[in-house]
Amino acid sequence: MSSVPVSWYLLLAAALFAIGTIGALTRRNGISIFLSIELMLNAANLTLVAYARQLDDRTGQLIVFFVMAVAAAEAAVGLALFIAVFRQRHTIDVNRMNLMRW
Amino acid sequence: MSPELIAILAKYAVMFAVLINVAPIMNWVERRACAYIQDRPGPNRVGPLGLFQPVADALKFMFKEDVTPSAADKPLYLMAPALALLPAFTTFVVIPFGPDITVAGRAVRLMVADVDTGVLVFLALSSLSVYSLVMAGYASNNKFSLLGSIRASAQLISYELALTIAVLAVIIPVGSFNLADVVAYQRAHVWNFLPQIIGFLVFLIASFAETNRLPFDLPEAESELVAGFHTEYGSMRFALFFQAEYTNMAALSALGVTLYFGGWSLPWIEFPHNLLGGVLGLLTLLAKIGICMAVFVWIRWTFPRFRYDQLMRLGWKVLLPLAILNLILVAAMTLAGWL
Amino acid sequence: MLDLLWLIPILPLAGAAINGLLGRRFPKSLVTAVGVGAPLASLVLALGCLWEYAQGSFPNDAFERTLYAWTAGDLSIPVGFLLDRLSSVMLFVVTFVGFWIHVYSVGYMGHEEGYRRYFSYLNLFMSAMLLLILGNNFLVMFVGWEGVGLCSYLLIGFYYDQPVPPAAGKKAFIVNRIGDFAFLVGLFALFAKFGTLTYGQIFPRIAAQPGLVLGEYVPGFTLAAFVALCFFVGAMGKSAQIPLYVWLPDAMAGPTPVSALIHAATMVTAGVYMVVRSNVLYQLAPGVSMFVAVIGATTAIFAATIALAQTDIKKVLAYSTVSQLGYMFLAAGLGAYSAALFHVVTHAFFKALLFLGSGSVIHAMGGEQDMRKMGGLGKHLPQTSKLFWIGCLAIAGIPPLSGFFSKDEILHAAAADHHWVLYLVGWITAVLTAFYMFRAHYMTFAGRFRGTHDQEHHLHESPPSMTLPLWVLAVGAAVAGVVGVPKLLSFGLISNWFHHWLEPVIAQPQGLEAGEHSIGVGLEVGLVLLAVAAGVGGLFLARSVYGGDRGFARELTWAQRFPFLHRLLENKYYVDEIYDALIVRPLAALSRFLWKVVDTFVIDGAVKAGAFLTELTGDVGRFSTTGNVRNYALYFFLGVILLFWWIAFA
Amino acid sequence: METVIFALFAALALVSAIVVVTHKSPVYSTLALVLTLFSTAVLYVLLGAPFVGALQILVYAGAIVVLFLFVIMLLNIQKEEEAHAGFGAQTWTAILGAAIFLGMMGLIFWRSGSPAAAPLTPESVALKPLAAQLFTTYLLPFEIVGLLLLVAVIGATVAARKPGEELGHIGEHEYVSGEEPRTDPLKSGSDPHQPSVAEPAYSSQREAS
């Protein structure tokens, strides 16, 4: 029933991914970076499903489940880390976390 | 406008009509039941037996001054009540309310969206209700409301988990997410609430939590947080929250009834596959929902409020294990062929 | 007795070791006992061996004993000792003169502070020299050759606290090394051909089949010629001939007995011994022999002219040694090897006598060596002046002393081969020799005393320990001539015993006609008279210029008349300055260049460049680590893009 | 009809994505993210993967993003002064890089053309084959993901623990139990210039037990 060619979905996914990357690279706030990363993950999921649709092979969708699970785990641990960092330095501004600087 | 579309719209119109009236009716029922439980007469001034009390309330909401906190985050503040209605009015689509009937020569299934992943859609949409609470709490820039919204989100997330697992337990013997199949299964076998009594109890308690009904209404507990997340909301906006609350309750009880009490079907009665049958099905369903709502109200005015840590412990350390236990039992029984 | 032949070089070596290593705690008398005892013992042992050798008859007149063969793989070098006609003569000269010089040294070095060290070095020298002449193959000779060079370096530089002696020692050693290098090349060539260096195995084979060594070895040289030339260059270095003689005059910086022993009697004659030892090669290489003769003649006259203008008494004797060595090589070059060796023997006696004489004069003058500050010492040192006079007579070739016979022998050889040019050069040198020797005698012993007052009042005759050796050497100088008296002068009594003694050593290679041919009796008598005239002429000429108490007055007038010539002679033809300019300075410049430019700039530069490069990359790299998470994320992303592009499109 | 839905939700997704990236207040970006997720869920349904779509809303939008909101409120993150760290080199390179990336992807998709996809059949959308595949060929990854989530839970609790818990008491002197040293910035008043946050419920529970 989908008359829309799959490549449109892929282009959309690519655009989302690009936007997510820009967000991840430019934002100073830890949480925003995290959100951008979730966005990028989501774009990846969209590509997977699009190709699943085009190649008529459900594996793409299966992989999306795993991606979601990993994203959940990552978000949980990441946010926990942010809380720990916040406790110590009262900020989650990424620029000010440069303890590893030479 | 293809015929299917017309059918869908027609069915949705019926559903909408029902849902819109839930709030006023419940308003009255709630007040009377509470009064009855507390041994006082309840609303009887406005119309016979206070039947017009809801109308009075509605009018009250309309004419109340619409107060918006100055430092509130305007867009979020306004969007929160609207968003509250989203899960309420959309989750009903997946619930069947009658046998397949043939109207004007066409076979029509009496459910708004005959979707394979019915239950999942219901759960997904209901999980969105969290956002309205959070938005409301955050936007009104008020310490109590923020605290209320944080508590609300924590509570909803925890109990949503238990609810999902309980619902999954029901799906296992049926083998499909489509609620019509669940009802069909129950017509063939005994109603689900008997074999899965544990699952039913978990579902019931979790649904209380999902709708912030009294035992779990810590988020808008009057004594502590004034009105929780919707403290700053005035007239009509509060009405929307009020409406959303009751509609949510109705939806959840509809799901409960469909899953555990055979939905629109009566045990030994076979409805005719025509318009009459449809109406009878709908009436049966509404009756069951009514009973369920009564239980909600009854529970509300009998149990004291949970303290937050007790709430959390109940959610994580009691309900969740029970739900998983139930899931395992049902799976075992299905494999053994009893169910 | 002969079985103990190998002990002769070992005894002085032991003496040197004892004095050198353990002598620190010995009292002076014990040091002297060891120092003089060792050479005495080896002298006695040598005389015994000679006596036994003279009596007995040995296969091809040689007593050979191999002690030990040093083998490395297929190379085996026998360490053996050989006593034959040639080495017996050298053995006698070295041990006899050596011992008496040791006795003289006791007195001369008595009050020097390096006494113990001096004697251990001198003993070491004696053992090295004995090893050189007693060795039965070229390698043992070479060990002795280097040992002698080392000891001459040590002894010249004996007064190491003063600036001049160490430099002189170094100069001697380096110049000798140049000669030794050529000697080694010759040895290699010989070894490459014959696979062994033992005399007994090489010379008889060459004599039997001269063809072996006449093949073309190096373009322009047969093997014989090449080896002979290399050996001669070695000899030039050691025996101070024309190009490599510059070290000998400077060697006078050492103590006088050292000059007497090393730079007059023994070491410098090693070159002659080596040439005479390998006479077979020279006979098969006529060109090289003529070259040797010419070099000998030129060195003789050249050194004699320099000696004329020297004011330091030891310098005069040094140049006279160079000149006499020139005579010896002249004889060797002409094939008169026995005459050359005879001159070695006689020269050893009278030159040692003259040096020790000058030693006692210097001793008396408290270290003063400049003749212009001496004069009139005859009255104060009667014995030394009389013995010095005998030495002068001997060297001038006044009959009946030994000098006359050996020098006449050489001139006779030149005349016999009709090399009248060489004969004329030899004759003129004889006149010059007589002149400068008597000049030296008159300036030191005749006329008024020109020294300072306190020098005058403590002038004294040398103690007996110094005059006794003088007397013995004087007798030697006088008598030594008897050994080689030619038939004519001995009225047919003994026909040149010395020549017959050396007969077996001079090989007659196949196909070469017999030795020198004789000349008419009348010519011979004429030549003898001419030789005597040269000696006496020189004497009277010197007396006329320097006799009486005129001292240097007459010489100064001669000097004004020929100022350029006088300054030239006085400055030794500026040879040292030329060498310095031509060789030493460029070499120094080259080494400085190598040090400054190549080493510091090129090599160190390369290393420094490496270090700089690493530091540079470190600096550049440093900026990429900003410690900012977002930068790292950016780099990561850019990497991803690159990778993606590469995969997708490249 | 169906292209209309696609266009609508694609545009919605793009706009909300941009809002997520550019908006100053983290709450707004989070809610924009919810919107993006919702619109992509719809696109999944369009692509014949209703199960994934529902799951996306249930898991992603329903739980993970709520967690984000939860943390944002917990840490009371203020609105940033300006969204971007200024248009420094970092930002421009990022944007340029993203543009190039987009260009490349576009080139690839454009070049690979768009073959017509097979029409969606009810059984191609059904869940049963999907579930079968999940629990047979992909059973191992399924188990591993389970383990991963367990580890993540443990990690999160350990990382976010209040300082001074089991790590031995902190501070100079012994504290009478209950009189907790107020080192936790989340507690009110400990950080003057940082407005305090109402005490979160779970910490009070900790005190009680």
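Quick notes on this one:
Labels A, B, C and D are assigned to the chains in the order they are written; within every chain, residues are numbered from 1.
The working rule: contacts are C-beta pairs under 8 Å (C-beta built on N, C-alpha and C of every residue); 3 or more make two chains touch, one makes a residue touch a chain.
All figures in this text were calculated on a predicted structure; none of them were measured in a lab.
The fewest steps needed to get from chain A to chain B, moving only between touching chains, is 2. For chain pairs A-C and A-D, the one joined by more C-beta pairs in contact is A-D.
The most centrally placed chain, judged by C-alpha centroids, is A.
With centres set at the average Cα position, the gap from chain B to chain C is 129 Å. Centre-to-centre separation of chain A and chain C, using mean CA positions: 98 Å.
Here the spacing of chain A and chain D, counted between their Cα centres, is 8 Å. Taking the mean of the C-alpha atoms as each chain's centre, chain C and chain D sit 103 Å apart. In chain D, the residues that reach two or more other chains under the touch definition are 51, 55, 63, 67, 74, 85, 90, 93-94, 97, 101. In chain B, no residue touches two or more other chains. The multi-chain contact residues of chain C, meaning those touching 2 or more other chains, are 630, 634, 637. Taken as a contact graph, with one node per protein chain and an edge wherever two chains touch, the assembly fits none of the named shapes, being neither a line, a ring, a star nor a complete graph.
Residue ranges of chain D in contact with chain A, taken from their complex: 2-3, 6, 10, 13-14, 17-18, 20-22, 26, 29-30, 33, 36-37, 40, 43-44, 46-49, 51-52, 55-56, 59-60, 63-65, 67-68, 71-72, 74-75, 77, 80, 83-85, 90-91, 93-95, 97-99, 101-102, 105-106, 109-110, 112-120, 124, 129-130, 133-134, 138, 141-142, 145, 148-149, 151-153, 155-160, 162-163, 184-186, 191, 194. On the side of chain A, the complex with chain C involves touching residues 21, 24-26, 28, 94-95, 97-102. By the touch criterion given at the top, residues 622, 625-630, 633-634, 637 of chain C touch chain A in their complex. Here chain C touches chain D in the complex through residues 630-631, 634, 637-638, 640-641, 644-645, 648-649, going by the rule given at the top.
Taken together, the chain D residues at the contact with chain C in this complex read 85, 90, 93-94, 97, 100-101, 104, 108.
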